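These are the structures in question, set out in turn.
Look at the two complexes coming up: chain A is in both, with chain B in one and chain C in the other.
So, the complex of A and B:
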């Protein structure tokens, strides 16, 4: 286990190195001089030169990258161009809101996908399997923004049951908070569940075709015990991997969902910052989401290794 | 029975996609107006002269939907080509040479894969500025890793086979072996991926345009039309429904086609899944 952890951690560091490289050089491609941009229209050349030196922009790229990484590791992600607030402060306000949506969305998708996956595997090629596959194809193809608009039209404009968007904090009004959550969570959950269902079904079908399942059935165990105990335990690692891998998709969907429902999370912040050209914030948001995905996948690998001692990840 | 059902859905998808492509291709001959022509008052409902009504500044929605299909397909095709070329080259090099080069390329791709695709595409668009060519580049870039991985794993299984050794012993160079000997043998998984990437590229283009960072006005895009329609959901719900529905239908057809292509090219896998 310790050896695996060490191996995974070195891999993680290498991947994170490339992640930071990609982020750093992408944002280095920005047209124009960052120092000049910061000073606004027609700054004095001396001021530009001074700020360039202060920001370290006259140093070689490798040094600039090193300085940036050192800042990031120390928790300094730069300042917002507008109010001069540290970016970390902005992120600390937005991340929990995204996290709430992401976790609830992931939960909903598991609640939809797992029973559907189990039933589809148990009754392969029955109407329920076919229906579930049509649902999954739908979830794969439906754009998040369209699903959100359709839900909004029905539940907010037609039935007037739920708000069409906006954020109310839980402290302010618990019921309004929950009402505002419902549509975004359904949007994220449906799209995500389609992906989870698809992989779960093929994973379970693979387990079910193995010899030990035939043995369990031959022993006369009921189908529910075969599925609930023997298949489930062997399909669990793949479910965890899928859910973890899907977090990346979930975050992608979240950018759009947050934008549509005016949910002020990380994705919403990112779009606002892109539109207002607040690049330090954009850069930090991109970096944080990638780091988050890498860490989630590491955790999933480790949980799987604990659940299934055969996993060595060679 | 199941096979016939599958073939029928694939055939229907192919026909629908063909119609969408034909509409896009023949847009100037089919549409009654120009896509940026203000023809009447804003937000008129559907009628004889305006099939789907008019948009927020009085342009014909049907005309714009058809033209937007053009944009979607062009962006889809170009970004899929970018992803395929980049991914195949990286995958071939990484799988063929192995060792340090492989580790370096693989970790770089892992790094790229760590970014949620829309977020990476958004970052690229933020840096390069929103326009249609940058959208192609951004969408192509985020799909490179998947092509590279597929190519790499095919190369790894093919590398040791006799026919590769044979051409090696006949004096073929590395480039010739990679592109002329190995590549033609890993086409079938790539073909499936092309149709799936095409679908996701259309989804991403519409998402970028929806967020205002893709195709810029007055050029129509399904994503930006959906976004425009969002402000008039109670007066003109059809505007948003149709724009998003167009994306959905196109992507659905491509996904169905991708699935049946996979079954066709890889019967063993298909048997396992069926």
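So, the complex of A and C:
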């Protein structure tokens, strides 16, 4: 296990190194000068030059990259070019907000997908299976934007039960905070449960058709024991993998969900910083997202290795 | 199986229809009845006003701002040297109480308001006003330095008096002072993180993408004001969601009502729709052309484009929220020239002019600043008009950084479409579109016209008006850039919000606003 952990950590560092390269250099290929953006329309060339130098953007790209990496290693992620706030401060404010949404969305998707997946497997081709598959198809097909607006129209505009987007901190008003959370969590949950359901159903159907399940049934075990003990245990690794993979997708999907619901998380900050060419913020946000995604997948790999001794990582 | 799918389809359809349909009180499609936000009853103090706008401000420094969202956020924190009379749009005293102008028009003796303190308790002096003018005239202050070019020297006389000497006569100087915000001459004040002004509201906190919180300035120098206890400025990027928040009562004011929702807001009994009258709307949908290269350097080509535009179709598509005009000067302006070329749609004439211009099916890229559905609509209809004319045109929507880079910085574009909001004076309306104020992006070389425009501010009023009319006629004949039409943006207000006065520049002033 230690060997596996070391191997995975080495891979993690390598992946992150490539992420830094890609985010740094591709972002600089985009048209748009940060100094020009900061100074507005038709600034004096000397003002642009002075600000460019102040931001350190007058140096060769390789030097800029080296400086950035050296700062990152020291824990300094730079400053936002607009309000001058340290990026670490900004991220510390935004990451918990995104995680709150992502974790609750992931939980909801599991709560929806797992019972549906089990029932659909047990009652293959029954009306409940068909209904669950239609639901899954719906979750796959609808864009998050459309679903979010539809939910807001229904629950905010028509029924006045919930707010149409917006954020209220828990400290300010716990009830308003929870109300503001419901619709974005439902949006995220529905979209993600579709994928989990589909993988879970196919994974369980595959296990169910194995010889050892036939043997268990032949031994006279009840269907609940067959499913609960034998099928579920064997289908669990694929469920963990898909939940981990989905969590990564879910984090990237936050860009859209947060924008629509005006939820001040990492996704919204990222898109805003890309549009305003706020280099330090974008680089740090992408890097942190990559760290989360890689770490979550690493944890999933380790859990799978513990659950299933057949899994060997060479 | 078939039954299950039918049932599901019906449920989905029912939910969608229920969610998308309007409630009964917004069903009628009557002509909206815009309000000017006039007060009902006696002003009362108290209440927090929640104002939602479409983008997060980038700074609260009043001399380094670049967007209208920045300005809306800091307008309540600072005072400007002069203010607009909301009715006449003429400058009236702000921090500058009185301005005595010398006979030759070159020396301004300014007296500032006494008894004004900054939010940090420090007393305002003439030295702060001098510092503010210098900051507004610095090379980084791109929004204001172009307006203050005539200033040669500023001298502080005493605590409440200063003298501004000009290098040439500038009758628009007091008008330009409206854009100069007063900040303390104190290096310990960080205007980005903790702005300090003399305005009606005190900065409390700013959590990015969450809210900016302002609280009432209890020591405000305008006695009795402000009425509100505070303001929360929220950012809601999606226009539809922002409108829903207004209808739902989550916010009190929104900066822009989407054009497709204007009727919905106007007909809602809990809301007021506020907008500037069409004949005084100064904002424009603005079509820039790169005059430095063919075919745009040919006047006949430019005239052909102007005659080909289907402005009536744009108005129809924007539910009437568009002013059909080809001049940057609105018809309600005292200096409007009714005899200047109007460019009413005439496709035959346009085609004739295009043929005479020698256009040879060169490919033209029309970039537009992608902001919202209104800009998309104007761009798509403009593209279709150009195709109807026979141009080989390709439409491309770009975001702000790309727009600034290609159009204003590199000036490498063919045609470009955006919105533009000048100050409500005729010189700025013309200068904004055809002069240096658009960053020289159209690259139109007509020094005589530009210099004459800048001398208007040195002329007596009557002579200036005559010259402005001549300049309008000349520039519309030359048409180096095209006014697609007047840009109309309405603000949405809860009926609880009283005494809000819309500004031609879409400035959101809350100093005298109160809540029922």
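One rule holds in what follows: the second predicted complex is superposed on the first by the 274 of 314 C-alpha atoms of A that agree within 3 Å, B and C clash if a C-alpha of one lies under 4 Å from a C-alpha of the other, contacts with A are read in each partner's own complex, and residues count from 1 in each chain.
Here is the rule we use: a residue touches a chain if its C-beta (ideal position, glycine included) is under 8 Å from a C-beta of that chain, and two chains touch if they have at least 3 such contacts.
Since we're looking at a predicted model, the values are computed, not measured.
*Asks:* Just checking: does A:290 make contact with chain B only, chain C only, both, or neither of them? Give me first, second, both or neither.
*Replies:* After superposing on A, A:290 lies in contact with chain B but is clear of chain C.
*Asks:* Regarding the shared-chain residue A:154, is it in contact with chain B (first), chain C (second), both, or neither?
*Replies:* Touch partner of A:154: chain C, not chain B.
*Asks:* Name the contact category of A:221: first (chain B only), second (chain C only), both, or neither.
*Replies:* neither
*Asks:* Applying the document's definition of touch, where does A:29 land relative to chain B and chain C: first, second, both, or neither?
*Replies:* In the superposition, A:29 touches chain B alone.
*Asks:* Please work out whether A:236 is in contact with chain B alone, chain C alone, both, or neither, and reply first, second, both or neither.
*Replies:* neither
*Asks:* Kindly classify A:307 by the partners it touches after superposition: chain B alone (first), chain C alone (second), both, or neither?
*Replies:* A:307 contacts neither chain B nor chain C.
*Asks:* I'd like to know which partner A:57 touches here: chain B for first, chain C for second, both or neither.
*Replies:* A:57 sits against neither chain B nor chain C.
*Asks:* Which holds for A:85: it touches chain B only (first), chain C only (second), both, or neither?
*Replies:* Touch partner of A:85: chain C, not chain B.
*Asks:* Tell me which partner A:114 touches in the superposition: chain B (first), chain C (second), both or neither.
*Replies:* neither
*Asks:* Quick check on my understanding: which residues of chain A belong to both its chain B contact set and its chain C contact set?
*Replies:* Shared contact residues on chain A: 30-31, 138, 149-150, 152-153, 157, 164, 259-260, 275.
*Asks:* Which residues of chain A touch chain B in their complex?
*Replies:* Where chain A meets chain B, its residues are 11, 14-19, 21-23, 26-27, 29-31, 125, 137-138, 140-146, 149-150, 152-153, 157, 164, 202, 205-206, 209, 248-253, 255-256, 259-260, 267, 270-271, 274-275, 279, 282-283, 285-286, 289-291, 293-294.
*Asks:* Provide the residue numbers of chain C that touch chain A in the complex, in ascending order.
*Replies:* 1, 4-5, 8, 12, 15-16, 18-20, 23, 56, 58-59, 64-66, 139-140, 142-143, 192-193, 206-210, 234-238, 240-241, 244-245, 247-248, 250, 399-402, 404-406, 408-409, 436, 438-440
*Asks:* So in the complex, the part of chain B that touches chain A is made up of which residues?
*Replies:* Against chain A, the touching part of chain B is residues 2, 107-108, 110-120, 122-129, 199, 203, 206-207, 210-213, 223, 226-227, 229-230, 233-234, 237, 240-241, 244-245, 247-248, 251-252, 255-256, 259, 272-274.
*Asks:* Across the complex, what residues on chain A touch chain C?
*Replies:* Its residues touching chain C are 30-33, 36-44, 46-47, 51, 82-85, 90, 93-94, 127, 130-131, 134, 138, 149-154, 156-158, 160, 163-167, 169, 259-262, 264, 268-269, 272, 275-277.
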